[in-house]
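Both of the next two complexes hold chain A, though its partner changes from chain B to chain C.
On to the complex of A and B.
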């Protein structure tokens, strides 16, 4: 085999490997957006932020008609910005809100809620970020809407009035 | 302040490195040499990377939360030891360590007795690697990024990571992984200058053994950590990240042996060169898989596709040029690449093929699920069954070749002595196996074959030792092979004869299964430095043996997390292992997991023997040189 052919084979092989990993990297399955839409809520079990003796699992909400699930943390600045919108979803639209406190310090998180209000019906603490991986969370804040145990909507980044409208429209 | 210094040292290191590459290339094409200058520049790069590393350690030690990496991974209440180990427990810090080891190997290599042309071309290639990773570090994963305003407290470190073994296993793995970079650079230099000869093999062998030994220690420590800390009741889980370290280990074990063949017979240089390239590229691939967030495992680092893309591109570029040099400068052996089948060289090559087969099996098992998931959105999980089914039968054949390889000669074949050896070893093995199975009272074909052939290897090694006039001759090989025999033996026994009991139990209750009796005596509460603990006291009876085990649940305060601490009683014949399941309470009962794992201790002893063999070789080589 001449050098040329070997080099061509090598190049093709490496390009294929590159494309494969590139596809994997950018694919939805690398815990990235969209893929969870239409799928069932992944199984999880977390420490309960409000009641240490009980844990929060996906089973707790499986019977709920509609659940808004929000990943947040006290150290996350955009979470402060979106917090009034969460309060609005609770107070004005009476939605069932679940907060997932992502890689946070419990006392800071409590201070955050005391200061800005606590719109959540339940809070789980995802101290290792595992639940976020199961959900394919891209970063925080991030919000999911779950309808009859299926994820129907997802928003990456802080909520705004348009997104609030879109969420309310799902009711 | 520290951040500014740290950043500056990294940038100075980058500039120096760039200058080194530029100056070397210029002189290379002018056919002049400026080796002294390259040597100094190379040292300076190492010094500045080292400085950056020390500054990072310092930031962690004093809990400088204005540093983003410290803020995200440390906490002021953490013991000093874990503060410091936290510096390489995250992506940014571990990349600094990665580059530091690249640079240290480069500097150490400048002291080797290799001919100047070859030596400095190796250092040039090594500095190209340093360049790629310094750029990656500074521009995508800067460890000295500042956060403003400075937070009052850090976000802590995962408590499961607060373990001495865990803290020290990554540096060992890194010295292993990254150590292969110098062999890679040396191989490329050897190929390029067409000096891939017996002398090359001789000079490379010390570096190969050093990197291989560190990698083995790293994998061993990781495995011990998984067994004692993770509480999964085993020592190897075919976790994708474990596999990512096993792949270069297999490649390097093949390299170690093929290099010996090249050194002794002046044959198969191309194969040795290919393995040298393969070992480092698979190490890089492992780094990529772990860092890109493609793999989901206990080891998962923060996932960031951009970083992944950069490392991927770097691996492709490095691999392309490495294989290009390999193709263009394909090394020719002075001897024809033909061996007598019944010779030590061909047995080593046969086992090389097995290693590569194992490598492919592990790689496919790790990557195929990712492949299916990404391209066809199908999820499958590849578990121990796949690996056991594919690896175990071939492992048995490997053991036979491993037993006989060292007993054969390099150049000539003595049929009678081979037949004599086979008969002798087979007889002794059969007798030992019968005794063992009489004691075990358990039989299955694969277990029998596994036990038979591992004893076969052990006995072959013992016979070989006794045949030598001087015991210390081939001591390194004999100890490592002996260790490997014991390892396979223990793994087979462990896999087939482990017992597991999963039951709910309440205080005062006693549970009996076969010969084992578990009595739940009481519960105690205690307070650790940064955790609260609930300890369960159990009395275990196995036949005439009785002892206490006290597994516990720990609640760490920062960040709040509950971990299950296992309690283990080790004996020479097996471990008794008890753990409380997290968060599975049924009324006043708790769920416990009890395991009896035969010969666990021997798995650690055998890995230590394999490592010990490597160490002996390193110190021998040093004396020789």
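On to the complex of A and C.
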């Protein structure tokens, strides 16, 4: 192989490597795991936050057309930030909201809701964090949209207006 | 009397062996699970909330009689292959397995060519 051809092949290789890394570095950095998207709602049974005599299970809202499920806690600062958006989803868009109170103290959680409003139609208490793992949650806040018993959307972190729009568009 | 003592000793040794065996398996699973909210740590090394919850769940599943593979399958269905420290070879990660082997082979070819050339020249 002549020296010239070698240089050409090497240059093409270098350009391809450069383009590969350029594209990778410019790509979207926010990682949104998709492993639960399209799957059925995992089975769970939790203490009911609003009614101690009844437990909350996945069957309770399996007939609902659309459900917004939100993991939150009173000790979580970003949950405080996103709470007005959950209120908006309830009041303005009339969505069915299920809150999962994650490893929290019940009296602190009640104070949190009294202070910021209670947008939830049902609240379950995930005191051991097991339900969060069933949903493949990374932490809190985390929000899932369930349509006809299937997870169709997931957002990690506090809600913002763009996410609210995306959720409403799923109606 | 001696028989009784030996009997108790035998069963307590058996129980200790069983509990050590169970701990070994538990730790093996913890070490093979990634703490996905930490930086480069496995669940065994981490004390984060996520790792602690996962440890409790693994313990519960083991005591319910689930196998190591069933636990990995359950967690990969929730978090994807990323949760396991040594993911299985599949279409989406094939390049990561193939590239190092490919580079190694190319390196071998280059080195053998250089050696051959130097032998011819000498």
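The definition used in the following text is that the second predicted complex is superposed on the first by the 139 of 171 C-alpha atoms of A that agree within 3 Å, B and C clash if a C-alpha of one lies under 4 Å from a C-alpha of the other, contacts with A are read in each partner's own complex, and residues count from 1 in each chain.
Throughout what follows, a residue touches a chain if its C-beta (ideal position, glycine included) is under 8 Å from a C-beta of that chain, and two chains touch if they have at least 3 such contacts.
These figures come from a predicted structure and were not determined experimentally.
Under the stated touch criterion, which partner chain does A:3 make contact with: chain B (first), chain C (second), both, or neither?
The answer is first: A:3 touches chain B but not chain C.
Taking the superposition on A as described, I'd like to know which of chain B and chain C A:170 touches: first, second, both or neither.
It touches nothing on chain B or chain C.
Looking at chain A, does chain B or chain C touch a larger number of its residues?
Of the two chains, more chain A residues are contacted by B.
With the two complexes superposed on chain A, say which partner A:12 touches: chain B (first), chain C (second), both, or neither.
Neither partner.
Looking at A:103 after the superposition, I want to know if it touches chain B, chain C, both of them or none. Which is it: first, second, both, neither?
Both chain B and chain C are touched by A:103.
On the A-aligned overlay, A:133 touches which partner chain: chain B = first, chain C = second, or both, or neither?
In the superposition, A:133 touches chain B and chain C alike.
Across the two complexes, find the residues of chain A that touch chain B and also touch chain C.
Chain A residues touching both partners: 103, 128, 133.
Can you name the residues of chain A that touch chain B in the complex?
Against chain B, the touching part of chain A is residues 3, 6-7, 10-11, 14, 17-18, 20-27, 29-32, 45, 47, 55, 75, 103-106, 108, 125, 127-128, 133.
In the complex, go through chain C and note every residue touching chain A.
Interface residues on the chain C side: 36-37, 49-50, 53-54, 56-57, 75-80, 82.
What residues of chain A sit close enough to touch chain C in their complex?
33-36, 39, 42, 103, 128-130, 132-136, 138-139
State the interface residues of chain B toward chain A in the complex, per the touch definition above.
Touch residues, chain B against chain A: 151, 153, 155-156, 158, 288, 292-294, 296, 300, 303, 305, 308-309, 312-313, 316, 319-320, 323-324, 327-328, 370-371, 373-375, 377, 558-562, 583.
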